[in-house]
Every structure is written in C-alpha cells, then in structure tokens.
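What follows are several structures.
The following pair of complexes shares a single chain, chain A, combined with chain B in the former and chain C in the latter.
Up next, the complex of A and B:
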C-alpha cells in the first residue's frame, strides 16, 4: 500500500515534470506557430542562471524564482527582436534558424563556462516518508509549483487584457490588427513569456538534474512530443498529453524497465497522432485554452 | 582586359603552381617531423570527457617537443573534433591516415567510436592508441588499449564495497555495450564474492527522470547500488537519489562516476560516501603526480579541469608511444609495435605503466577512492594490476595477427552467461 502511494506520487511527479519542460514551448508554439528548436537551450540557460548565480552567493530562491525567468525572458525578447520576427509564417525557416540558435547557445555557454560547471546546490527540502518508502520533498514541491503555474497561466489568458489580446491574435492575427492591436508587440511579449517559462522550468530542475551546456538535447524531444500530442490548446493540451504520456512512461518504467518506459511513451504518442493528427485538443476540449 | 585562351592558360597554370606550393612545402617538412593525430570529442554530449583529454594531449606534445622532440625531430600534433558523432570519427581517421599520413592516432572515447575507426586504421596500417577506460575485450595487434578494464577496477571495487555495505547488490547501467558488458562483469564479481545481484536495470542515455527506478530500489531493499551510468543526463540519478534520502541508507559505488568530473556537478552532500575505482585520481600523493598536476594547472590556468583517469591516461598513452619510438629508433609502425611489446614501461602520474604484450592492454595501478566534499580520498592502492578480463580471451603473442573484439556479443568468451 505504501509502495502504491509512493509510486503514485512518483507518477504524478513524472507528469508534472513533462508539463514543466513543455509549457514554455507550448506557449510559443500554440500561440505563434513558431517551432522553437532552441527550447531545450532556454531550459539549459535557466539551469545555468541558477547555478552561476548561487555559486556567486545569490540565494537559491531568488535565483530560481526571479533571476532564471527574468534573464531567460530577456534573452527570449532579444532573440525575438533580432531573429524570430523576420520569420513569422515561414515555419521551415524558423525551424532552421532556431536550430542554429540552439547550437549558438551551446557553443556560447561552453566557451564561457567550459564543458561543465561546478555546483554546490542541493534540493532545499529533505526526503518525505510514506511508510518505509521515501520520496523527494523537492519533487512534491515541484508538483505544487507546476499546478500553481498552470492555474496562473489560465487566469492570465482567461481574465486579463493581455490574455484577451493574445487569444485574439492567436485566433486571427489580421482581424486583431484591423482592430488596432499591435500584433507585433503581442508576438514579442508571448515569445518573451514562453522563454521566461522555459527559463523558470530549467531553474527549478537545476537542483535535481545535471546542468551541462548540451543538456537541452535530452529535453527537446519529450517537450515536442508532449506539445504536438496535446494539440493547439496550450494548457488543456499540454496537461492532458503530459497526463497520458507521463503516466504511461512512469508505470511501464516501474513494471518493465526504463528502456521500455521510453519505448512505451514514444509508441503511445505515435498511435495517438495517427488517430488524432491534430493532437488531443484537436478532438476533445476544443474550445479550451 | 580581354582574356584569350593563351592568357587564360598562362594565368591558370601560374595560379595552380601557387596553390600547389604549400603542398610541396608541407611534404618536405614532413620528413623533418613526426606526426600524431588526436581525435576526441570537444563538442556535443561527450565534450565533458574529451576536452580534458585534448588539453592533456597538448601538454604532452609540448613537453616532448620542449625536451628536443623524438629522434631529433619535432612532433606535430593535429587535433580533430568529431563532435560526438561517429561519422566524423571515420572521416577524420581516414584523413589522418591517408592525407596527413600520421605516425600514430590517439583517439576515441566511447567503444562505438573506437570500433568505428579501429578496422579502418588497421586497413591503413596506422598505429592506434585508445586511452579510455572501457569494458575490455579488444584483441588487436595494431591497437593499444591503455585504459583500465573491469578486470582491473570492478574486480577490486565490488568486493571492497560488499565487505563494507553488504551482499545484496542492485545494478544500474547505461543502455549500450559499455553498460551491458560492465553490468555482466559486476554480476560475475558479486556472485564470485558470495553476493546476490538482485536486479539489473539499463537506462537509455537521455533519461533524466529516475523516480520509478528509485521506487524499485526501495522495494528491492538492496544493501548497495552499483552504477555504470554514463553522460550528463544520468547525473540526474545521483541528485534524485539523494533528494529521496536514499544515499544515506543505500550507498552507491560506481564504475563511471567521476571520469566526466560528475563529482563537481553534484553537491558535496549529494555525493559524499560514494566509492569508485580508477587507475588515476588527481589526489594521488606521488611526486610525479604532484608535478604533473602543477604543470597542467600552470599551462591551462585557473580554468584547468579536474584531472581524471581519461585525461591522465591520454597523457601517458602519448608518452608510452614516445618511449617506444625512442627505443625503436624509428616511428615505423612494426618497429614501434615490437618496442612496445618488449615491453615499454613508463613512470607516469598514475604510477608505473607497462604494456602487456599478450593483450596490448596496460598493466597499471588501481586506486579505490571515497568521495568527500567533492574530492576523492584514496583509500586503497592495488599496484600493477593485469588486464585479467581480456587475458582470458586474447593472446597476441601466440596468435599475433588478429583484430577482434571479443566481448562484442556478450561475454560467453570469458565464460559469463
């Protein structure tokens, strides 16, 4: 029984982890139809922000909750302003440009900090015990933060002026422009927010993962599969896809083994996209966010 | 200007002559120098291993040249970056062998990269040194594998850890040939020492969420975990394991932790108490090693990476070749192989290092160390360990002309099921 409770918590964490690594990509892809292949590097930059600033004496909470989203958000705005805005509507070109960007970031960080960086941060919470099984307290914390993040994004999109303008631009950019909305500014804000979310996620994951210049590559695949499987609705899509993929991955990893866990995740995504080419929210929850 | 045919031919031939000149010049120079190619990943996922090795190569060649070179000639070093891509390994190895015509290639990190260039360098008759610790089993006249193998390190690590922590061992390893073969060796040594390898799990190299496995480890209640995880993504295991409080109750020993300087990438409280075995640590207390560490840090400044077995062995591998060239009086491949098998022996930073003519591996010191405050404290020294695993299957003295990889398809050759 304790094992099931503990395993259940673990699977929920697996789901939250997927939401966390894909939410920034979902915002950028869902709202702007820009395929950001540098998404993994935004996560990596968030992780580096936390490691480098804590190495220099900054409080870990300040580094995770303020510096990581702020710095990566600003980098996102710069990227949008210098690169992405010239490429709207040219999907293949953005693909190539952001791929180049990802190589640039890897090279830049390797040049500045070397192939690896020393760190002293550890998860700020100790383990929690369910019977004789222990789980990471930090993972529970990440689950809560992820839920709060999704709620916050929902409120932002649903009830604020910015959210309304963003949704309008997303539905029909021309109509929004005709009504006097600067779609250019909406796009750059969205891109900045997407980048900031990725940076935040990367920062939150820094104490429980390895932070290396090349680590983005291990996130990008899963983030893409999650976002594409989810379909166009940013929150409902990402959450439902994470729920299905993360759940399957966690259960199969436990029962059979981690290799089959990865295989099951990919296999399920393939079948899902064959049956629902426009993702989950292309068929269900169509009018959701 | 009007260009007619005659004028065009004239200028074209002049251009061709100018273009060709450097080629002639470099060929005449070639006779006055020896050539070495180093092919190691300096970008992509394997750069955490490759970059310190490249630094060590530069240091070795600079020292050799500063001391007057070899046979009165300077050694010319060409470094290629295969970018963690196998295809570039074959490309650069071909270039080094055919167009640069190097005397020796010192290259390769993963076994896959070694296996991609080993047959090729055989075909082009170019001497090849592989200086990375690996799973053992290469039996090749042309290829010297100087890194430590499980018969040297795991054979010492497993009984020590089992005596300290208990006999029930949970094995986790990377899901490719290194991990699979090493896991088989670990299982063998656990059984040989009267223990029980309760479970063995393999992880693809991009797994970052180890939660389900940590639950399985808790359910299996082993006395210790033996890890052969590889690469940056797998560093997450040690962090999540510590976050669940497991590192205090079920300690970890590893065959790989530290060679990518992972102990600097996790905090002291996450890593403390872990036990590893390699044939080199920066902390070795010998005069040779202290001088080596100082030279390395002086050369590469405050940014100098921590020195691990890979970097030190790359440095020593180059010196083994240099020593053999001196002994042979030529860089000719067969003469150098004869000299190496004499055998060549050097005193490097890791201690005494001698070529084993039977396997073309190295007899070397092995150190057990415990991680404390992001530093390795050496707790045991085993001098002059033979590559016992490869010796079971390989005899290049009795049967010199071979190029085989014995453990490629499992370990039946060594009697392990």
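Up next, the complex of A and C:
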C-alpha cells in the first residue's frame, strides 16, 4: 500500500513536471502556432536567475516567484521585439531563428558563467515519509504549485479582458484585428507571458536539477513532444498530454527502468500523432482552453 | 541557369572532386588527411539533408538520428561480423529502416512542417539521453557493448576481400571521398528523374501535386528513406574516420550544425550544403582552438543573421546575382544591337528617299 502511494506520488510528480516544463511553450504555441526552440534556454535562464540571485543573498522565494519570471519575461519581450516580430507568418524561419537564439543563449551563458554547473542550492523542504518510503517534500510542493499555476492560467484566460482578447486572437487573428484588437500587441504579450512561465518553471526546477548552460536540452525533448501531442488548446492540451505521457513514462520507468521510460514516452507520442495528427485537442475537447 | 551551364558546373564539380580525391593524400600530412576525411563524412550528411529538405521539402531537424544510427549500426555490425564492407551495407540498411519507421508515422499521419521538424529533433534528443545511459555491461548487442557515454570503439576498416588486411587512414580518405562523389552525383541524378521532379513539385505545392494524382505520402517517405540511407552512410564514414562512435552524435549541437550547413550553403542546391559543411568544419575547428568567442554564440548569431538577411543561403544567392548580371549584360548587348539595326534601317530609308 505504501509502495503504491509512493509510486503514485512519483507518477503524479512526473505528470506535474511535464506540465511545468511545457506550459510556457504551450502558451506560445497555442497562440502563434510556432514552436519556440529557445524554450529550453528560457528554462535555463530562469534557473540561473534563481541560483545566481540566491547566492548573492536574495531570499529564495523572492528569486523563484518574482525575479525568475520577471527577468525571463523581459528577455522574452526583447526577443519578440528584435527577432520574432519580423518573422510572423514564416513558420520555418521562426523555428530556425529561435534555434539560433537557443545556441546564442547557451554560448552567452557559457561565456559569462563557464561551462560547469553553477553552485547548486538545496531544496527548501526536507523529505516526507509515506510509511517506510521517503519522498521529496519539494516534489510535493512542485505538484501543488503546478496545479495552482494551471488554475491561475485558466482564470486568466477565462475571466480577464486580456484572456478574452487572447482567446479571440487565437481563434481568428484576422477577425480579432478587424474588431480593432492590436493582434501584434497580443502576440508580444503572449510571448512575454510564455517566456515568464518558462523562467518560473526553470527557477522552480533549479534546486532539483542544478543548472548548466546546456541544461535546456534535457527539458526540451519532453516539452516539445508534450505540447505537440496536446495540440493547440493551451491548458487542456498540455494537461491531457502530460497526463498520458507522464503516466506512461512513470509506469514503464517503474517496470523496466528509466531508460525505457523515455523511449516509451516518445514511441507512444509518435503513434498518438499518427492517429491524431493535430494532437489530442484537435480531436477531443475541441472547444476547451 | 540554363541546362548547358548546369552541365558545365557539374563537370567542374566532378573535376574538382577528382583532383581532391587524388591530390589530398599526396600533398597533405597525415593529420590533415584524417580531419579532412571527417569533414568529407560530414559533407555527406549535409548532402542528405540538402536532398530531403532542399528537393523534397521535408524539414528534418534530426538528420543526425540516421547519421548516428548508421555509425552505431556499423560499429556493432563490424564487431560482430568482422567484415567492414558487410557492416557498411548493414548500417545503411538499418539507417534506412529507421527512416522508414519514423517516416511512416510522420507522413502517413500527415504532420505539418513544424511538427515534423520538432519530432525529428525530439527523437535525436531522446536517443542522446537513452544511449548515454547504456554504460552497464547488460547493454550489449552480440559482443558489442554499447558503452553509454564512452561509446563504441570501431575496429579498423579492412578490405572486403581480405578481412585481415587493414586500410591506412590515407587509404580510407579515398573511400570517403569516393562515397561523397558517388552520393553527390547520385543525388544530382535523382533530382532529374521523374521521382525527383515530383518530389520538387511536392515541395512547391503539396495540395496541387496531390490533386494531380500523386500519392504525396509515398513520395515523401521514399525521399526521407533515401536521405536516411545517405545519412547512415555518412555515419559509417564518420565512425571510421574518428575510430569511435559516441552518443554525442545525437546531441543538440550536432543537430543544429547540420541545419546550419544547409541554411548557409543554400537550400535547393546540392553543392551548397556540401560546401557549407566543409567550410564550417574548418571554421569550427579554428574556433575550437581558442577561448575568446564561444562557438555556440557564434553559430547562433550566424543562424539568426542568415535567416533574417540571407534566407536562401550563399550558393543560390550567388547564382542569382550572377544570372541577373549576366541577363543585364545580355539585354544591354541586345539593346545596343537593336539600336544599331534600327539606325541602319533609318539610314537605308534615308538613302531610298
């Protein structure tokens, strides 16, 4: 029983982890139909923000909840302003340019901080115990934060003016523009929010994983596959895909080992896309957020 | 370009290729020959992406998947079977099979460009993290241990007719260079066939091609498989020139580099990606020797600048400039001739009057 509770918690953490690393990407993808290949580096920048500022005496909670999203969000806005703006409608070029950006950030951070792991910070919670099995308290905390984040995003999209405009632009950008909405501004705001969410996620994960200039590569594979399997509905897509892929990854990892877990996740996603090329939300929950 | 000019260009490329083939081992030192062999193997990889992206319109961000699979399959087959020639064939077939498998799901699912690019990239990244974890002794195929992070040491390549006789690195340069020349002219030929023409029309307009009665999916799958096979061949050449194959072939850096070669060299040409790979091999090895400019920083900037400013790549842009200048010269020439003819007619009329 304790084993199952502990295993269950592990699987739920896997799912929450997938949601966390892909939500920022999903926001940008849902809005602009473009995959931001520099997503991993946004996560990495969030991680660096938290670790560098904590090491310089900033309170860890301030660094995680305020500094990381703020700084990475601003970087996102600058990127949108100087690069993405010129490439709207040119999907392939956007992909390539964001890939260039990804390499640029890796190079920049390596130049500043070196290629080694920056001193890590300890997770602010100790272990918790389920019977004889111990589990990380910080992982439980991350699960709760992820749930809150999804609820917050839902409320933002569903009940605010900005959310309404964003949903309108998502459904039909031309119609929204005809009704007098500056879709340009919606796009740049969304890009900023997506980047901020990524920075936040990267900051939250920094105590678990540590930071490296190339750490983005660890996340992006899973984030991409989750977002693409989910389809364009931001929240429903990411949650349903994370649920499926994270569940499969968790179960296979438990039965066979973590190496096969990732392979199973990938294979499942590829087969899923053969059956549902527009992702899960292209077929189910069509009208959801 | 006109057909005759294109033929001239191809003849020129062939001559340069042959001169390189025989000239390099005679003139350069051993170290340069070995690194040039590596560069040639990367050029074959670039060629494979240039073919499927530039002529098939298939945006594959993970062409290194097949390159790496080719390399690994070669190493495993060579260790188990002993003969290098058989191992190369096995490796190419395995890489092609991987391309068929992946391609079936992507093309028959009718995934769009963006999805396809991202999935292929994800496959590379996941292969990277999976193979890195295979360091335990339980991960082996036949007698070949996969070796995780350290990869597999590739046994020296031997002659097909005598497995106990090994090729020297200089000799192997001939093999790699011949492989490059043969695949290059094979690709050129392929783009001239009916299959190549249809693939090109799919690149231009998929819906229209489909309405003309072609099954777009099977054409794309074939193109992708050919590309995968060529990349697998490149992987075997690479593994032989380095003497080892490691999971690093699957990492993000190498995937990005492959894309950069093709972007810089030029999509829609075959010589562009080859030149791109050779030039970048030189640049990155220069950058690797210093610590001032980080190589990722440099590559990122190059990629961004090219996408924004020279999206077509170097070779097509140069050809365009050349054609435009030539046509301007031609029109100027013919205008002058017209004027002269006109004037003479005027004088004739004047004489008649």
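The rule is simple: the second predicted complex is superposed on the first by the 286 of 289 C-alpha atoms of A that agree within 3 Å, B and C clash if a C-alpha of one lies under 4 Å from a C-alpha of the other, contacts with A are read in each partner's own complex, and residues count from 1 in each chain.
Everything below uses one rule, namely that contacts are C-beta pairs under 8 Å (C-beta built on N, C-alpha and C of every residue); 3 or more make two chains touch, one makes a residue touch a chain.
If you're wondering where the values come from, they're calculated on a predicted model, not measured in any experiment.
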Item to complete: Return fit or clash for chain B versus chain C, each positioned on chain A through the superposition.
Response: clash
Item to complete: Could you tell me if A:6 is touching chain B, chain C, both of them or neither one (first, second, both, neither)?
Response: first
Item to complete: Look at A:137 in the shared chain and tell me whether it touches chain B only, chain C only, both, or neither; answer first, second, both or neither.
Response: first
Worksheet item: When the two structures are overlaid on chain A, which partner does A:225 contact: first (chain B), second (chain C), both, or neither?
Response: second
Worksheet item: Once the shared chain is lined up, is A:214 touching chain B (first), chain C (second), both, or neither of them?
Response: both
Discussion item. Looking at A:258, would you say it contacts chain B, chain C, both, or neither? Reply first, second, both or neither.
Written reply: both
Worksheet entry | Partner chain(s) touched by A:107 [first = chain B, second = chain C, both, neither] | both
Practice prompt. Applying the touch criterion given at the start, work out whether A:120 contacts chain B, chain C, both or neither, answering first, second, both or neither.
Written response: first
Worksheet item: Which chain A residues come up in both lists, the one for chain B and the one for chain C?
Response: 106-107, 110, 214, 217-218, 221, 258-259, 262
Worksheet item: chain A touches which residues of chain B in the complex?
Response: 43-45, 47-48, 50-51, 175, 201-204, 206-216, 218-219, 232-236, 239-240, 242-246, 260-262, 264-270, 303, 305, 374
Worksheet entry | Residue ranges of chain C touching chain A (in the complex, touch as defined) | 59, 61, 102, 104-106, 108-111, 113-115, 117-119, 121-123, 125-126, 128-130, 133-134, 251-253, 256, 259, 263, 294-304, 307-308, 311
Response to the item:
The residues of chain A that touch chain B in their complex are 3, 6-7, 10-11, 13-14, 17, 106-107, 110, 114-123, 125-127, 132-139, 207-215, 217-219, 221, 249-250, 253-254, 257-259, 261-262
Worksheet item: Once bound in the complex, which stretches of chain A touch chain C?
Response: 33-35, 37, 83, 86-87, 91-93, 95-97, 99-108, 110-111, 214, 217-218, 220-221, 224-225, 228, 258-259, 262-263, 265-266, 269-271, 273-275, 277
